[in-house]
Structures are given as structure tokens and as C-alpha cells.
Amino acid sequence: MSESGAGAHAVIMEASPFGLQSKKLVIWLFIASDAITFGALLFGYSYLRLGSLDWSYPFEGSSILNGFIMTVILLTSSLTMLAAVMAAKRDNKGQCLRWIGFTILLGTIFAVLHLREWFHMFGEGWALYKNPLGGSPIFAAGFFGITGLHLLHVISGVIALSILAIRYNNGALDKTYVETTGLYWHFVDLVWMFVFPIVYLMNAAVR
Amino acid sequence: MSSEREPSMKVYVGLWVVMILIVALEILVTYRHMPTDLFVGLILILAFLEAGIGVMYFMHMKFESPNLFWTLVPITIFVLVMLDQIWPDALRLARMNLFR
Amino acid sequence: MHDAQPAVHHHTAPEGFIRKYVFSVDHKVIGLQYYGLALVAVFVGMVLSWLMRLHLGWATLAIPGLHLLSSAGAPGNVMTPEYYLSLMTMHGTIMVFFVLTNAPLAGFGNYFLPIQVGAADMAFPRMNMMSFWVTFTAFIVLMLSFFVGDGPPLSGWTAYATLSSVGGASGPGEATGQTFWAISIALFCIGQLLGSLNFISTTLDLRTKGMTLARLPLSTWAWFVTSCIGLLAFADLLPACILLILDRSFGTSFFNPAGMVLNGEVAKYSGGSPLLWQHLFWFFGHPEVYIAIIPAFGIVSHILAASARKPLLGGTRVLIGCMIALAFLSYVVWGHHMFLSGLNPFSAILFSVPTLIITIPATIAVLMWIGTVYGARLRFNTACLFCLGFISVFVSGGISGFFLAQPSIDIYLHATYFVVAHFHFVMAVAAIFGIFAGTYFWMPKMIGRMMNETLGKWHFWLTFVGVYCIFMPMHYLGLAGNVRRYAAFTDNFLVPLIPVHKFITIAALFTGAAQFIFLFNLFYTRFWGPKAPDNPWEATSLEWSTTSPPPFDNFGGRQMVVNHGAYEYGVEGPKDYIMQTDPVKVAGD
Amino acid sequence: MGKAFGAVVSIIALVSAYFIVVHRWWLPVDISTTGPLIDHQFNETMVEAGILFIAAQLILGLFCWQYGDKPGRRVKEFPGGPKPVVAFGVIIVGLEILALSLVGSKAWAAIYMTPAPSDAIHIDVQAEQFAFFFRYPGPDGKFGKIHPELMNDGNGDYFGIDPMNDVAARDDIMVGTLTIPVNKPILLTLHSKDMIHDFYVPELRIQQDILPGLEIPIHFTATKVGRYEIACTQLCGLGHYEMRAFLEVLPQDKFDEWLKEQSGD
């Protein structure tokens, strides 16, 4: 709309107002949309939590520590992803692939740690619908629901990165795909930045 | 997108350290006993700070066209802020609970 | 800033039936597929409404063959009250999701958005194909619920918890049917998300030379704005559906509070709130209403200018402003569906004011259309008539919004037929009129043949008078306190209203029958209609600069160059319009 | 064709308005103290909206009548262009909104934002698939506690009270008809056993959803003796259409008599 006044008859190819490649724009839009999805989940969870009178605070120090380690791992994977993107920009395929490999590794470690915690909790009697501490089962439902959806994003991110690595290696995808996949990966990290305080820290056993 | 303006790896590592420190601070805040509203406020501010670094630097939004920031961020926040209208109701929920 | 390169797709026209017509990446085929899906859905939905109306007029009437659809739901061909509710649920769901969202946005949008911006295809053709097939699967899943367990769910298209969230304990159809419903809608959300991403990026990135945002036709603007709404609104419904599925199949209690007694036993739920479903649903639900109506805004404006032979009053700017204002307001007002739901009464006032403010952009849009008709040279073809009809029904439906937006009046009118009349006029009939207008206007381009005008005019008159006969009396029913979603009227204050229901039923049967004229016209045209010229309506936008139907890459390899705004009608000279691609005549016009 | 369209639109608008003007189908007589506020608001809205409706349809019809495609006629712009039209729309509708929302909040506030008078008679409502039940506290003025596990329609314990162990519950009166004295403020506490139901009495101009797990208060004062229907207006399952109860408004002395009779047995 900006240059509609400037020379109504000048035939110009009006650039996208964002100056982005289409696929990068689409990833950004998808991120906004997915942010609303997670936002709605977190809002719904908090809504029920605010309205509930028997909330339980189950996370002991060890769980918080585990969560902290997972956070650090995810943050680090973002850093390795950045390194991969920078390497791709320099057209250094080998280095880029190595960094993508690190990212995949870290993502997998995150998922494994997460699942380990889940199974630990299952062992203590937790389930989607059950709170062994006797408080509101919404905590369990919310915890497994939200972290589950996040875990799904992590796992699909790992799969996407693996496909990217293979197809980038054999030249089927160019370097711009490294950047867009990287954006998605950072977003997964971003969601965790809210999940960790809202789902873990606010339920730490200190209150 | 002047890629020259893009920071070097060093800056990113620095930001990475800052983000880890923010998470550590969040945990510290959790273990300080303080009123719940203050705790929630603090922890959310920290989370948004961390997410801000993530979006602006790690996701490069700072180095894209400002239009992207000025459409995507306000619209997403607008929608989430509108969703905030559920809170008065949530508080009422606790008050009107049959089994309080 | 480097120039964003529009993604260029060098795919050639596919060979083979499957690649060409089934799993096609061509936006035109996908548009027709969406349109076809909506056409099937709308007739299913219409037949359901017939059955419902018959039951409302004559509750014990045997409808021959109905037991074939469900032997439990219609023993001896007489519909049971619960089956009435099931059909009502399916009518609402099919119409709102698979007709009002699919046809004007995904159908016409897919077909004409790339052409109107001058692109060869969507930005992401394969994603586009996925979007359709996901939506198609959603439709199939929804239809399957007719044939599982006790049939379709009976909780209405809003699927209010706790009716929807406790499984079979709450009624027939709630066991399996409701799960299918939830899966179907979740899939639909994903399909719409993919579609929205495509629409937005295509509009922004693939515009041809000279096609500035200001020169985009209003229909493209409408699809663009709608996609922006859909991108964020469906993202909110998706988690709601996920939570509903968790509640139903995995024993969580997001929407189920403690202390519910089902079938004489205390249910093992605790901690949830049925209000949460309403919040999440209506936070999507209100934007959804605009997803249905804004494309019709665009289509009608687009066609009205061509029919009136003059530019729209206020140019495109005012209407674009209205649409964007509506898009924002749609997120602010969802609570007006919940005034009486146990919502905090202070919130009700908060929601009421922006709801009333919505009438401002809506009124301005209507004034712009009426102002466009002033001094026009209206060519009363069928498309034009449907546009004028759209304005009329939109006004009729919008006016009743004044009542429902006020919580104090809503106390009386909420959940009466007044609401049914309101949303059918303003959203359903208005959007359907937009679809019809688009069909009569664009079908020559889409299938290369002219629709029959005589049949079209019959169709218009019968439909126009018919919908007023159906929905205007519903206002009166609402005034008399007639509660909606009742399978039969046995209350003392409702029994005297049954004759009105009978009148409405008869009107609905006739109006529905008139739609077969349309169907016949469509099929007749498809096979035996006269060949359409490239620009039968002497319209200006890019779709009229190519052949009817357009070639695979839309413009036969030409790079279109746009020199003019979208609606330059009523100019001096041998022809009274300037096409967007016409060369610039002289400096200073 | 334009003339036909103009005529049809005008006829539709006028016929539609006719039934409204003659009150062929209309709101039932109001029997509550807050009802007149709502009715006033309703009538005011009807006048304003009605004028807009008829004006818009007639003008649309007139323009269609007049501006067909006559050869040789040139199109003309709307006099004054879009700006006055937009301003007109904003001002007219804006004023209407202002008037409606300022005045309209009064009725809403009277019903929902003012607490019930302290002398209000407190009655408990239990909604279930597909019936309403009502509970009076009895002479002690206290309700027994609700225990969902004790709810049993078979033995008449609709509210799940525990008269064995709960003193307050022993004299609770549970009935299927809402009986109230005239001109006395009533405070209802709405409960639901299973689904979302709704308490709707058109004559009272009261409609309120009843949610499981919540206690929703609503208060009103009935001003006319008589028997009225309570309908459920929130879809609650297969028997939704026949879920109803009666509201019996009695003179004070008859009500006292009735209450005594009830607590007698």
C-alpha cells in the first residue's frame, strides 16, 4: 500500500511488505498460529487452576533440576541450530550438517529426559486423569497435555531436522530450508520458555 | 536484511548465557517465599524477557524488516490479550464452586 | 532490503487423471474441489434442515425412508426427539464449517485469488492440495458419525460441555458420534491453517507487476483478511478439540467439574469447568462468523461494482477499512454468546460495548453498497440480483444484532428463535447469497460456459422471497419466547406458535426445492451451456484478462502488467470500463 | 427487473414491520419488578432498529427501482462522495450505541449486579436431565449440605442431603413446583446435577444458565399471582424439549399456608 501514491502509473513489482521469502513468511505465520494454540492451552490450564481450590504442588527439587537441565539442553540446541544456519549461509555444508547433527542429538536427549520424567511420574501413580496426591487432577491433565504437545513439536522437529540433513546433503533442498527449519526449532525452544515457568516452577513444592 | 548487521557467534553465546541465567533466576525466584501475585508477575516478566531475546536474536526478527515485527507481534499479543478476558470468570469460578 | 523473489513454480500441466483431477496441485482444480465439496455438503445440510423442519411442524409425521438413515433414530419413519437433535447438530456443523467456510473462502478463494493477483498458482501448491484433502477427510469423518453407534452427536454445533465431554452417559450419539465430531473439527482446523498460510503468502508475495495492495480487488482483500482471522481463530479451536478428545477418550476432566451425577452415580471427574469450553469455543466461534461473512463482503463488492458500472462509493479503501475493523473486533466480542452462561456480569458489559461497535463498520459497508447503487446503471443479471439480495438480508440480520448485543435484552431473547433468525440472516443466508452471486458471476470463468439467466432469475426470486418467509417469522417466534433446539413444542406458551412453525416448514420446503433449479442449472451449464467469452460481464479484474476457463498457468505464460485500480467503471469512451491490464492512455488520465 | 426488486424489497420490509407494529406475536405480560426496565429497553431498541431497517430496505429498493441500465444515461457519483456517508453512519449508529448501552446497562445491573435484598426468600434449584427440583430451607432457615453421592430421585432426595447426620437438612422441603409469594424478593441458587441447563421464565424476563459444579445466584420479585412455565433453554440432551417445571406465584397468606403444609409432613 505504501507506494500506491507514488506514481500511480509506474509499473513496479511491489515487494512483499515483509521482504521475506514466501516460505520464511509462512513459517513465521505458522509460528504465530502455533503460539496461539499453545497460548490457548496455557490459558485454559491457568483458568482451571485459578478456579480450583485444591491445587497440588508436586515438583520436588529433583524435578526442577531435571527441568532446568532440559531447559539448558534446549537452549543449547538453539545455539547449535544458529551455528548450523550461519554455516549454511557461508555455504559450508559439512559444518552445517555437523551442527544440525548436534541439534538433533540435543533434541533427542531432551525428549529422552522428558520421557524419563514422565515414566518416573507414571511410576508414582500419576496419569492424565489421576493425581496421586489427592489434589485437582487438572494438574496432571494439564501437565501431560501441554508438555505432551510440546514433546510432539520437539519430536517432529527432530524428524524435520533429520530429513533436512539428508535432503540438504544430497542437494534436494537448498540452504534457505536450513533457516526456516531453524526458525521452527527456535520456536519450539520459545514455547518451552513459557512451559517451564508456568507448568514446572509454579507447581514447585515450595508453596 | 543486511546480514552484515547480524551478530557474530560470540554475541549469540553471550545471549545464550544470559538466557540460562534468566532461567536460573526464575528458579531462584521460585524458591524465595514471596506473595503469589508478585511471584507470578516476576516469573512471567522473566519468561517474556527470555522469549524476547529468543524472538529478536535467535529467530532474527531484529534483523528482518520492521514490518514483520510490527504486524506479527502486536497481532499475536492482541489475540492473547483478548483471551485475558477469561480471568474475571476464573476467579468467580472459585468463589461460586459448589464444593468449596 | 533485498527484493523478495516471488516463488516461481515451473511445474508443467500434469498428465493422467489422478494428478490432474484428484491429487492436483493446480489451485483451480483445488478451488473446484472445495466448491464441489461445499455443494455436496450444502445439499446434505439442506436435506437435514428439511427433515428438521418437518419434525417441527408435524412431530408425528412419518417421513418415508427415514428409517434407512437410522433405524433407532426413526422407528417407523417417525423421527425421535433425540434424532432431531442429532440432525440439528449435523446441519449446524456441516453448514458452518463445510459450506460457509469452504465455499466462499476456500472454493472461490483458491480459484480466483491467484488469478486476481496475477500469479500462476498459489505460493505452495502442494500444501494447498494437502489443505483440501485434510478438509475432505474431515468431512468424511463427520459423515461417518451417521453410521456409528447411536448416530451423530446431539450436542449442537457448539458442542457445549458437559453434554459433549462425558461420553455416552449424556445421551445417544455422545458415545462415538461426538468423538468423530471432535476429530473431524480438529482436522478441519489443520486444513484451514494450511489454507490460510497459502492465501496470505500468495497475496503478499505473488502479486504481479503493478499489482499494488491498493489495486487488489476487494474479493482478494476479503480472502486475505479472512485468512488472517482464520490463521489465529482455528489455532484456538484446535487445542479446544484436543482437550475435548482428551476428556472423552482419556478420562481427563478439563470441562467436567466435580460432583456430577450421571446415571445415578457420581462421576469421577474433578476440577474442570464447562465454561472453559465455551470460552475456547466462542473465542474461535465469533471470528468464525466473520470468516463466513467477510468473503461474501468481498465477493458482493466485487460483483456490485461490475453490475453497477461505476466504482464503489469510497473506492476500495473504505470497504477494506471496514473488513479490517471487523477482523479486529471479531476477537473482542466472543463473550456476547455467553451473557447468560454464568459469565461474570461485569464482563457482559465489557463484551456488550464492542459488540455494539461492530455495527459501525457493518453499517458503513452497507451504506457504501447502497451508495454505489445510487446513480448506477444496474445490469440486473442474476449475480447482481443476488448481490442486492445480499444487502437486503444482511441489513435484516444485522438489525436484530442491536437487540442481542445488549445483555439486558438478551436475558429475554437468548436461546430463542430470535437468535436463530439473526444468525441465519446475517451469516448463513447472507453468505449463501454471496456464494450464489459468486457462482453466477464466476461460473462462466470456472467452467467456460454461461449459466442460464432465466433459470437463475427464477432461482433468485424464489430463494429471496423464500428466505424471508422462513426467517422473518422466526423473529416473531423469538419475541413470543419460543425456545430453540426443542424437538417438539409441548409447553403451554409454545403450543399456539405451532401454526407459525408449519408456515416456516412449508416455506423451507419450497425454498429448498428452488435450490434444485440452481443445481439443474449448474449441471446443465457444465455440459450444454453456451460457451463463455473471456469477459462476459465487461469486468475489469485480472481473471477476465485470460481465457474461460484459464489455462493451466492462468495466463498462458504471459506476465500480466497491471496499470489500473480494480474498479474503473463508468469512464468515457467506447467502452465504459478500464481493465486492470489496459495500457495507460495518456499522462494524467 | 429493478422495479420488481424495489417493489419486492419494500413489500417485504413493510409486511415484516406490520407484524411487529400490531404486536401479532409479542412478549408475554411481564410479572417482575425488573421486567419493565427490560421491556422499556426492548421497545426503545425496536423503534430505533425498526426505523433503520425500514429506511435501509426502502432506500435500497428505491435506488434499484430508479437506477436500471437505461441506454444513454451516465452513471453518477453519490452526492458529496463517501465522506459524509461514512460520517453519517458513524454518528447515527454511534449515537444509538451510546444511548442503548448507557440506558441498557441499567436493567442488567438491576438483575445481576445488585445483591438480593436481605429479606429475600432463599430457594435452592436443582436441575437434572430432565427436570427441575426446588428446595426450601424449612423453619430453621438453613439448607442441608449437598452430597452428590446421596442424590437419588427414587427416594426423593433430589439434592443429596443427609438428614441422618445433618441437622440443617432435616427440615428441608423438596418439591417439583417453584412456589413463591407475590411481591416478595426471591433469591434462587441454581445447581445442576449433570449437564448445563437453563432457568427461563419468559414472564419474569429471567433466563440464566445452570452449570454443574457451580452455585449461580439470581434474584427477582414477582408482581402477579398466577401459574407460569419454567423452561430449560440450554440444550441438555434428548429430553431437552420437555424439561420444564411450573412457577406458582401465590398471595402471601396462601404461600404461608402452603409452606406450613409442606413442612408438616
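A, B, C and D are the chain letters, set down in written order, and residue numbers restart from 1 in every chain.
Convention: a residue touches a chain if its C-beta (ideal position, glycine included) is under 8 Å from a C-beta of that chain, and two chains touch if they have at least 3 such contacts.
Keep in mind that this is a model prediction, so the values were computed, not measured.
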Query = Any idea which two chains share the most contacting C-beta pairs?
reply = C-D
Remark   = So, in whole Å, the Cα centroid of subunit A is separated from that of subunit D by 46
Message = Centroid from C-alpha atoms only, then distance subunit A to subunit B, rounded to Å. What do you get?
response = 14
Ask   = How big is the gap, in whole Å, between where the Cα atoms of subunit B centre and where those of subunit C centre?
value = 36
Query = Using CA atom averages as chain centres, what separation in Å is found between subunit B and subunit D?
reply = 43
Task = Please set out, as single numbers or ranges, the residues of subunit C touching at least two other chains.
result = 1-2, 232, 236, 257-259, 273, 275-276, 279, 283, 342, 346
Key: subunit D, residues touching no fewer than two other chains   = 146, 213-214, 216
Request  = Name the residues of subunit B that each touch 2 or more other chains.
outcome  = 1, 65, 75-76, 79, 83, 86, 89, 92-93, 96-99
Ask   = With chains as vertices joined when they touch, what's the shape: line, ring, star, complete or other?
value = other
Inquiry  = How do the chains pair up in terms of touching? List each pair.
reply    = A-B, A-C, B-C, B-D, C-D
Message = Quick check: in the complex, which residue numbers of subunit A touch subunit C?
response = 1, 3-4, 9, 11-23, 25-26, 29-30, 32-34, 36-38, 40-41, 44, 47-48, 51-52, 54, 128-129, 136-138, 141, 145, 149
Request  = Please give the residue numbers of subunit C that touch subunit D in the complex, ascending.
outcome  = 80-82, 85, 154-156, 160-163, 166, 170-172, 256-262, 264, 266, 273-275, 308-310, 313-315, 318, 340-342, 345-346, 348-349, 352-353, 356-357, 359-360, 363-364, 366-368, 370-380, 385, 388, 391-392, 395-396, 399-400, 402-403, 406-409, 411-412, 414-416, 457, 461, 464-465, 468, 472, 475-477, 479-481, 483-493, 497, 500, 569-570, 576
Key: In the complex with subunit B, residue positions of subunit D that touch it   = 146, 191, 213-216
Subunit C residues within the subunit A interface of the complex = 1-7, 123-124, 193, 196-198, 200-201, 204-215, 231-232, 234-236, 238-240, 242-243, 246, 250-254, 268, 270-273, 276, 279-280, 283, 561-563, 584, 587
In the complex, subunit A residues that touch subunit B = 17-20, 28-29, 32, 35-36, 39-40, 43, 46-48, 50-53, 64, 68, 71-72, 75-76, 78-79, 82-83, 86, 89, 183, 186-187, 189-190, 193-194, 196-198, 201-202, 204, 206-207
